[in-house]
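Read through the structure below, which is laid out as structure tokens, and then see the notes.
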Amino acid sequence: MIIILKSGVSEEQINHVIERVESLGLKAHLSRGTHRTIIGVIGDKSQLLPSRFQAIPGVADVISVLPSYKLASTDAHPDPSVVDISGVKIGGGHLGMIAGPCAVESAERMDAIAESVRAAGANILRGGAFKPRTSPYAYQGMGEEGLKILRDTGAKYGMPVVTEVMDPRRVEMVERYADMIQIGARNMQNFVLLTEVGQTRKPVLLKRGMSATIVDLLMSAEYILSQGNPNVVLCERGVKGFDSATRNLFDVAAVPACKGLSHLPIIVDPSHATGRPDLIPACALAGVAAGADGVHIEVHNCPEDAMSDGPQALLPEQYQKLAGQIRDLATLFGKTISPAPGSSR
Amino acid sequence: MIIILKSGVSEEQINHVIERVESLGLKAHLSRGTHRTIIGVIGDKSQLLPSRFQAIPGVADVISVLPSYKLASTDAHPDPSVVDISGVKIGGGHLGMIAGPCAVESAERMDAIAESVRAAGANILRGGAFKPRTSPYAYQGMGEEGLKILRDTGAKYGMPVVTEVMDPRRVEMVERYADMIQIGARNMQNFVLLTEVGQTRKPVLLKRGMSATIVDLLMSAEYILSQGNPNVVLCERGVKGFDSATRNLFDVAAVPACKGLSHLPIIVDPSHATGRPDLIPACALAGVAAGADGVHIEVHNCPEDAMSDGPQALLPEQYQKLAGQIRDLATLFGKTISPAPGSSR
Amino acid sequence: MIIILKSGVSEEQINHVIERVESLGLKAHLSRGTHRTIIGVIGDKSQLLPSRFQAIPGVADVISVLPSYKLASTDAHPDPSVVDISGVKIGGGHLGMIAGPCAVESAERMDAIAESVRAAGANILRGGAFKPRTSPYAYQGMGEEGLKILRDTGAKYGMPVVTEVMDPRRVEMVERYADMIQIGARNMQNFVLLTEVGQTRKPVLLKRGMSATIVDLLMSAEYILSQGNPNVVLCERGVKGFDSATRNLFDVAAVPACKGLSHLPIIVDPSHATGRPDLIPACALAGVAAGADGVHIEVHNCPEDAMSDGPQALLPEQYQKLAGQIRDLATLFGKTISPAPGSSR
Amino acid sequence: MIIILKSGVSEEQINHVIERVESLGLKAHLSRGTHRTIIGVIGDKSQLLPSRFQAIPGVADVISVLPSYKLASTDAHPDPSVVDISGVKIGGGHLGMIAGPCAVESAERMDAIAESVRAAGANILRGGAFKPRTSPYAYQGMGEEGLKILRDTGAKYGMPVVTEVMDPRRVEMVERYADMIQIGARNMQNFVLLTEVGQTRKPVLLKRGMSATIVDLLMSAEYILSQGNPNVVLCERGVKGFDSATRNLFDVAAVPACKGLSHLPIIVDPSHATGRPDLIPACALAGVAAGADGVHIEVHNCPEDAMSDGPQALLPEQYQKLAGQIRDLATLFGKTISPAPGSSR
């Protein structure tokens, strides 16, 4: 940690800062420049709050030289992690192909969509039973009934299933039905929920919040990891931008940026990132070319009947075409795609 | 609702859209322009999802002409609402003066800070017992012990107290100790938590999320209102910006913008909005001049010892000076400030 | 154009709006809904300013249903444009490979870098002679001497050259030396400069401004096109974001979004978009996978000696590897890359 | 300057960095921490480019401890500057009241508006003769004829006049007619234009760009100051945000933030910041309460006839009311407002 002092700081203030540093069992290394004095803080700084030093009179700025996350960092785990979702691998050269409707709406619809995405090459089935909706008057999902349909459909088509949990009181229920638990973008800093899923050992799909920095995302992953659950897959799904032409701003550079900082797999979700079917294929391919460990796509066989987010869903035939292009890219980049485990689950 | 069709739309597609509109019990009003055809949808549109129409082939755009919130809108309640927090009024010409430390740290510290802010003119005491921290390794708050200290200190100085709840399982506990429940920025779209506090009748301080639009904020208020709790106070506390000079970007225009759309009171929190004590007074005064119904300020008597967010706290003497300036502004604009109810509570 | 009236608008106000519409030679089509009244404006609206209607009392909102750009739109030119830069094609399936140093620094350095990028497969050489620097004390470029070096180096290696112009008084000079004129991000809305380059017939590389929407970018292209110069190539180079981890936020979705609206070619510049050599290759590949018509990369053979932007430059060997990957992607997607025309120019 | 080295940096790399520092005539001060090594660079760093060090292998980050602007900083000039615009003072306790139409449209209209704003208390008259328009098809201003009308109207009502210049070739012409030259937001980083107005001695109104940080704004002021023109007034006019409810995001905290870094006066422009007449008065008052040295407001006597930006103009009677409130605030905060110099100019 480096403490930069204000110009015009008094000797008394400098000494006070040094005393505070030393009172915490750390060493202070003073360096006087032409215009500014800085203090290097040496020692195991892990339990220190930079904000404690920031508030001392005479301090201009405090700069951390170490990341605040540990378990998520490449320092802790230099090789890429591979997360296994009931037989489907994500990370370390394995691409996850997650597809399905925004919401589970009925057994019939779920069956038809699962059949088509499985045939196109998807290896994990998605579907929401509890939906985070901006409006209290909007469709909120089927609840446990939806979880059952999702599980049964996944079993029929031999696909592990992923679904979102929003309520810490329902983590146990969702865990019983799902192979992977999704934390949505709006809950990325719902620390209560992160702690709860950290206490399971289920793989977690952690979506980046709409205004979360990459470091924020890794800190949220750290909440889960620090509870003992190592199975975290990150997901870039667009951040807030100023141009309403796209629903969100797809930050494809987050993929290599995360890979430079963390061993955790990261996938992309162009459906939520753009909200426009005409942009989804291009952004999905961009994500894979940038090194993403998987692609999450919403697919619906009748978007105008969808209970939520119909306009952003691909049709089954559009998904089929895209999945073929993703396979070609995977081959070019030497990635493998686990087959769906089969109906014998 | 207005449906704008794509250029080159076929008659068959137009008819299909009209059929969909009419199948929902609504009237369609066709208008053919030189370059584009539009369809006005007439009827009670409240339960309609614009996304259902957006997904129909041939549709370019769907424009809602009515807001999606109802109970929060000035249509539902033309006069400004006044929220009563155990005797302190906020809204309709009454300014709330909320002050206190970021976190409750000990009974002694809480007492000293409460005494100073009460003397300076604050009428509501704040203090966090459950802290939403970006890092799992950071101080997480005193929990229920902190709630007791907060309640007892408030009682001693005759000030209603406000504190944050993060976990739906703890709403009942927080409700027992607090006069007002805070929903933090990171939980503004934690719909489970909003629903839970909506089922109490306690006043709720709803902070704007860092990437929430004004409409998003009003929709989150609507979650609480629609559960039957009418006592919602909005709070502007800064949104994400691109300039790291300030912690967040204080959106002072949100104050008049909300007042044009909603009857709910709105206060400002310049402590979180700027994160810099040198900017807090100017932004607090700006908020009041813009019409805010109150000011939320973090105050600490020894910022360098604070367990969280010390660098953004004002010292008691700084708060005292600011509170005097706020009173002068209130007088100029004809606002009143409820006195703290007194120790006889 | 659609005019949405306020709730509670009077008949007198409605009539006034209709009169204004008709006084401009247009037809008004009134549609009364349950809650709101709207007026469709029918006729050739091209010369109308929506703001004229916005300011009329009783008007809530004015919505344009046609884009404000014409020559840049796919309506005007349904097929993708191909821009020819002295023998190198960009657009319509042809990839431009633009590479070179940020600034022209000396003939020797320029020669070495040109030799290496040409060998790696670049087909257009870049180098700045006039540099837009945030600080007046930073290196401002070699001026005309730099233009001569650039032209001579391009001629030696048979590569067309592109360089930035910042001053309308120097457009004529830059035009004499360059095969393509670059308008930098900070000048994307320098309408004086756009008009000036619009009066040449040289290909223009128009970089997206850091806070420009896609429509803003197309409107700036329209400035050039409307002066009679059809040779515009757009360039996505990152927009402002809230995460300082990357210099800018690379908006890869802008590539397919522009292609849906405009026939103009669009390339990507991951060097400026990310400012980090470790992210540039991933983002370059992402851009090509998303359909970009070219890639603009800064290359320097000794970044720590570079007069500007050294830290974001790739080394020649890094560029060589990346160029090979881009060629593989081009083959996969059926794109062609014009060879550099050769030294016989 | 502080150079932070990567973890795992070799001794050879450390020595190379030190050699580079010393080769530039500076001293390197090495400090080895538990996890990271840092190098403090001591000496007159003014001509150094941090980017030169950033590009050296083994360097993780380079942190400047001194601002890059000098003449604009409070170090260079600790007391607030007062800029005199032909007799009207801005800064150092003096409020500028700039008002007038977006564009000069005719002598009659200019006269009527000038009469009304002068009567309301404005002391500087504005009006655009060259308009930066997003669309090439929109009204571009009256040119020199407009400048004459503006000058003559100002003379009649005894008000100094401010108008925008966009073209470096027209700085001389605008200088002849105007008392203050405006650089618009889109040209804040048009360094050619900044250099040109820096060579005059006319007061310059420098508007913050829509994606400019506060440091960017001060660097652009430095361009003007470094050419010898000390008469710069900054202007906050809103930055890009994600909420389309307001045209831009009014960053009122920029006012105290600039005052902490620079001696230059800073005013606010709520007309462009919000684009909505219903928000302008609240934001104008917020700006003054936050310490702004003036308020820039667009006023039009018939917004629906305005050639540009009519919807954001206040009516004369709205301006009159607001000006009275601003005077009350000025009195409360001990600020003075120079009277318009009178018609005897």
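Just so it is clear, A, B, C and D label the chains in written order, and each chain counts residues from 1 on its own.
Here, contacts are C-beta pairs under 8 Å (C-beta built on N, C-alpha and C of every residue); 3 or more make two chains touch, one makes a residue touch a chain.
Given the structure is predicted, the values throughout are model-derived calculations rather than measurements.
J.: Report which interface contains more C-beta contacts, comparing A-B against A-D.
T.: A-B
J.: Considering only mean CA positions as chain centres, point out the chain farthest from subunit B.
T.: For subunit B, the chain whose C-alpha mean is farthest off is C.
J.: Which integer distance in Å separates the CA centroid of subunit B from that of subunit D?
T.: Their C-alpha centroids are separated by 32 Å.
J.: How many Å are there between the centre of subunit A and the centre of subunit B, using C-alpha atoms for each centre?
T.: Roughly 27 Å separates the two chain centres.
J.: With chain centres taken as the means of their Cα atoms, state the distance from subunit A to subunit D in Å.
T.: That gives a centre separation of 40 Å.
J.: What residues in subunit A touch two or more of the other chains?
T.: Residues 211, 239-242, 244.
J.: Using the touch definition from the top, list the residues of subunit C that touch subunit D in their complex.
T.: 20, 46-47, 49, 51-56, 68-69, 132-139, 166-169, 186-187, 189-192, 195, 209-211, 216, 219, 222-223, 226, 239-240, 303-306, 308-311, 313
J.: Touching residues of subunit A toward subunit D in the complex: what are they?
T.: Contacts found on subunit A: 2, 4, 7, 29, 31-36, 38, 40-45, 60, 63, 65-66, 75, 240-242, 244.
J.: For the complex, which residues does subunit D have touching subunit B?
T.: 211, 213-215, 239-246, 249-253, 255-257, 260, 273-274, 276, 278-279, 282-283, 285-291, 328-329, 332
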